[in-house]
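Next come two complexes built around chain A: one with chain B, the other with chain C.
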Partner chain A sequence: MSVQTEGTDTAGGPAVREGRAPAPPRGADRASRSPAGRPAAAPYLLLLPALLATLVLLGWPLVKNGMLSFQNLNPRQLIQHLTEWNGFHNYQQVLTGPDFWKVVERSVLFTAANVVLIMLFGTLIGLLLARLGKKMRLTLLVGLVLAWAMPVIAATTVYQWLFAQRFGVVNWVLDKLGWHSMADYNWMGSQFSTFSVIVLLIVWQSIPFVAINLYAATTTIPKELYEAASLDGAGAWQSFTFVTLPFLRPFLYSTTFLEVIWVFKAFPQVFAMNEGGPDRLTETLPIYAYVEGVGNQHFGVGAAISFLTILVLLVITSYYLRMVLKQEEDEL
Partner chain B sequence: MKRSLFGRIWPNATAVVLFVGFVFPVYWMFATAFKPTGDIITENPVWFPTHFTFGHFDKAVHADHFWTLVANSVTVTLCSVLLSLVIALFAAFALARMRFKGRRGFIVTFMLAQMAPWEVMIIAIYMIVRDSDMLDSLVPLTVFYAMMVLPLTVLTLRGYIAAVPKELEESAMVDGCTRLQAFRKVIFPLLAPGLMATSLFGFITAWNEFPLVLILNKDIEKQTLPLWLSQFQTAFGDDWGATMAASSLFALPILILFIFLQRKAVSGLTDGAVKG
Partner chain C sequence: MKRKLASAIVIAGMMVSVAACGGNSGNDSKDAGPESWKGQTLTVWTMDGSAPPQWSKDVQAAFEKKTGAKLKFETQKWDGIQQKITTALSEDNPPDVLEVGNTQTPAYAATGGLADLGDLKRSIGADWTASVSKSSVYEGKQYAAPWYFANRVVIYNKKIWAQAGIKSTPKTRDEFLKDLDTIGKKTDAEPIYLPGQNWYFLDGLIVGQGGDLVKKQGDKYVSNLADPKVAAAMEIYKKYAAYSKAPKDKDEANPQQAAVFAKGKTGAFIGMGWEAATAVQANKSIEKDLGYFTIPGATADKPEGVFLGGSNLAVAQNSKKQSLAKEFLKIALSDQYEGELAKLSGVIPNKESLESNLKGNAAAEAAAPGAAVGGTTPLIPEWAAVENTPNPIKSYMTAVLNGKAPAAAAKDVEGQINQRLAQQN
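This part shows the complex of A and B:
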């Protein structure tokens, strides 16, 4: 049995060998009134498992999270399976508490620092890749891919060892470079130094994605454009700002947003490095929600923090999504 | 275009410095894992080890529960990747090859789902799993990991299916294949590289996942390797040799898979299915 599809629709048409199926302009209703009266339900049936999974495994936890955030849920209620609604009390407690806004500020600064460094160096390295000779480019690519592929927890452990107080290689180098007070420096001892190590780790792991994709994007720029630019008397800088940059702009925008989302919700790096310490000073929003909710067993409060975090992410995401949709208008 | 000597040298020099910077942590992990303890605990680092030992690996492998955790990690990763591939294949086929009402909406749904903040949903998931009496089990892990990678799997597979020329499928159907046969005999073999590339992402996600297993499975017998690794250093004091050996063992499958599959996926695509 066969189903009405785009494939059979255009069977008589010229054979176009193209990556994506060119969609002739037509309403969806035309497809559903298929000539032989074949079941228009087929695509929905095919989509059913995926949609069901999304609904149960993603939708339900989101709803559950919302419900939990309006409950008084501490160890007693948890053990006795009690449901005690307490209205907006959790939100009130979180939003008027002394910590929350500090953590928000910290998370925003943390995300900004990471994303700026990732995008700046990722772009520079991507452009460098485009400029290198074949052998050197391959070498650098291998290095980037290794850093990219390194599992997060393994990388975190390695960074702990690199920055270890005793016998750590970083302290040794700093000492030899003349900064003798760093010889036995405890990187996990202060907020700033712990964050420095975490930021370095995240930036090191994230640059390859940006650099390699940006390099791939530069290879799609037609060479004629550069020739035309140089005929018109453009220098290296001008051909960069008038040819390269406009081509890369959409890529740079979308990558920046993706990085913002990824860094903002980064959990393993921050948690495994020092568990949010010292003195809970390196807790970002996801860690804060976990420590309050699970660590201190105020599950309702933790859910409220999670919900607020999701809200922030949703705002960022919606902006990004609108952009993507605009870009892919024809493609979808 | 002529470039000055300086103009020719600085890109290469920068590339070398960057290469060292990106590779060093990975190198240092393996180097430390193979070095005798005397070369690790030393006032001056041994940059290029000349003596090698498998002692640290021996210690890591014989740590309590190591093989149970390996089995858990492998099971959860493989099952979740397979599960998401199967579910995604149906959905991707519909999205790539069929026209129907709400298609665009479905694609947007998956794009949104792809950005789901799992890291901050763990409390809600914990309550759901606890209420279904499934704590300390591998089943919820498998199911949720499959869901984590499902949206991206659907979206990338949709791209790969769309890239298979429609004429191949049509000519198979003209030759008397049913739609299902055409899919199984024509599209599916051509999808292999796409399936591999897509599963690579799933492997990495499931193998690395940390927050969910941290909150769900307190029973060491039901945990996975990332959790074990994050606690390894605490458990073994400052035994960096063994810790780095454990990290190496954990990282190696992914590093190999990444290098192997990346090349394979790309070459498979560029080979092209239709040659004349």
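This part shows the complex of A and C:
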């Protein structure tokens, strides 16, 4: 989750751009920089702790994981501390195997379905927040924050109970409403129904972040613009498309991007719900890496899959990455 | 710089990192024998339900008195145990003694994580029952000591059976099915609780049909799930499952079948003798209604085949307390404590001479006839991988129970099984 908070400010929303202080006059700049060169180093020094933490906690495991992905590492090698390099064999095995591309396709579709729903409902609720009165807004905000704050596994367990076959509330309600064939419906019995429950859970968990973000974005829109628009004869729809939307666009981009990352790597919700079942049909890439690597004790192959997972994610997010990089280039 | 930083943070955020286990260490055994025992602590992993509290307490007292060392029992859950044992065996300070399931022992023996117990076998294992000891021998060496054996029986609710007007326990499969039918018609209880993935029960049925889960093809083992004998076993399973409302895609541990049975609305379930204790723990009042009988076979003279589950005790190769660990095994497996275990848990001990301890234990008496015709899963190192979650055989069972033809269902998972059997070590 730390990813998301890190990422938001790279989005470069209008508020950020507007708030930038004017550049200091040249003379002053040179004077402060030249004597010891210390002020120039200061920003880097301040970055150092965060960079070190990233390197130790993410960089090092990543290097280790990379090394594992080129090894034949099974229980025997692990127990006897043997290192058996096997080149690209793990990658070759995964890429030519029967499952990998199916899982990639499934992961991409899964991510797309989730992100579309999250963005749609998140935006709508965000806009609703902006229009609500004070009391209702507070109530809704508290509800959203609570949903956001709920620990993932706890939420997953609650959903498991809700959708339990014999004693679940959902089946009971459906039965009471007259849909009797649902009284004993097994939600974990097929791929589609299992995914439905997982998607519902993830969308429910993710909406607060998008809604609150977009609500925050709407507060940066100057009121005068709406007045000007209505003077020009714009209706509700036009003032939305010509005033609100341009302001929201950078926020929409950045939250979509973050949700893509978040949903794509969602592990606990999918795994805890039904362990990738039935019949491994709800395994997304992170689950697949875990089941092959840790579950089947094929650690080298698991490491290779996790690396391929990162590559797939990079490809998916490349559009936005390019946009961010270009934007920064323009600003330099 | 800024650009690189931004992308670095983004990339870092995406990492699905697998923490690595690093570090190498030689096995520098500093075991000085009995003089060094005092003050040491020996850690023993036993599985959930294996070691009754009374037995643990008695063994601990005897061990601490004899060696002056401390003994610490730690209970492990079966769920995910293979991964846990693998990790544990790779550590520099592993648990010293571990209970390992009999079907998983060959795989661990092959990894080199278990110590050779040849000398122990020579000193105390001369009369270990051969069939019990078989799973702990790999390539001619003894890698574990057989601890106990157990097989499933039918545990039933006498009250419900009486309500249905059934006077005696069934002697054949057909009688059993007829009784279940009667219970379904005459009472409002669920005749039997049998979830779709009680795969050890299916394994017993396969043993009963004379089938095998793997066959040799050249020098490799491959799946034999498509064998008509396996299909016949699965059909029997399906007949029983038809009398149950239990989920078809769950095994007997989720939810614990004994806990379901304890509610008093289930006629019977197929389980280990000690699961009765779990039921009583959940509902004290069920105790007086508990009864046991051998799973009946096709004819009255031969009971149904059963999976001979069992456990061995092994010593971790990386343990630095080898002599102390062996001393523990000598005490725990002595006639006194092995006999006590059999008596308390109703499990079959590792020596025939100790079986007299089972007298009067209703569950054990029901289990004994089955044990004579029992069998195990294939005792090859490659087998353990097949049982890793998600177990393809469980998928097969659910598919058949949901109406798929056994042959077609077998075809769906055989690729998966063969891939696991072919996994290099």
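Throughout what follows, the second predicted complex is superposed on the first by the 261 of 332 C-alpha atoms of A that agree within 3 Å, B and C clash if a C-alpha of one lies under 4 Å from a C-alpha of the other, contacts with A are read in each partner's own complex, and residues count from 1 in each chain.
Here, contacts are C-beta pairs under 8 Å (C-beta built on N, C-alpha and C of every residue); 3 or more make two chains touch, one makes a residue touch a chain.
Source: prediction; values computed, not measured.
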| item | value |
| --- | --- |
| Touched partner set for A:G276, first chain B, second chain C, both or neither | second |
| Which superposed partner A:V243 touches (first chain B, second chain C, both, neither) | neither |
| First (chain B), second (chain C), both or neither touched by A:S306 | both |
| Which of chain B and chain C A:R76 touches, first, second, both or neither | second |
| First (chain B), second (chain C), both or neither touched by A:V263 | neither |
| Partner chain(s) touched by A:L58 [first = chain B, second = chain C, both, neither] | both |
| Touched partner set for A:A289, first chain B, second chain C, both or neither | both |
| Residues of chain A touched, compared between chain B and chain C (which is higher) | B |
| Contacts of A:I212 with chain B and chain C, given as first, second, both or neither | neither |
| Which of chain B and chain C A:V145 touches, first, second, both or neither | first |
| Chain A residues contacted in one complex by chain B, in the other by chain C | 2-3, 6-7, 10, 47, 54, 58, 61-62, 64-65, 68, 81, 166, 261, 265, 267, 286, 289, 293-294, 299, 302-303, 306, 309-310, 313, 317, 321, 324-325, 332 |
| Of all residues in chain B, those that touch chain A in their complex | 11-12, 14-16, 18-23, 25-26, 28-29, 32, 40-42, 44-45, 87-88, 90-91, 93-104, 106-113, 115-117, 119-128, 131, 143-144, 146-147, 150-151, 154, 159, 162-163, 165-167, 169-170, 173, 178-179, 204, 207-208, 210-211, 214-215, 226, 229-230, 232-233, 238, 240, 243-244, 246-248, 250-251, 254-255, 258-259, 262, 274 |
| Chain A to chain C touching residues, read off their complex | 2-3, 6-7, 10, 47, 54, 58-59, 61-62, 64-65, 67-68, 72, 74-76, 78-81, 98, 165-166, 184, 186, 188-189, 261, 265, 267, 275-280, 286, 289, 291, 293-299, 302-303, 306, 309-310, 313-314, 317, 321, 324-325, 328-329, 332 |
| Chain C residues within the chain A interface of the complex | 2-3, 5-25, 82-83, 86-87, 89-90, 107-108, 110-113, 245, 247-249, 317-318, 385, 388-390, 395, 398-399, 402, 412, 415, 420, 423-425 |
| Residue ranges of chain A in contact with chain B within the complex | 1-11, 15, 17, 19-21, 23, 26, 28-32, 40, 42-44, 46-47, 49-51, 53-54, 57-58, 60-62, 64-65, 68, 81, 125, 128, 131-133, 136-137, 139-140, 142-162, 164, 166-167, 169, 172, 204, 207-208, 261, 265-268, 271-272, 285-286, 289-290, 293-294, 299, 302-303, 306, 309-310, 313, 317, 321, 324-325, 332 |
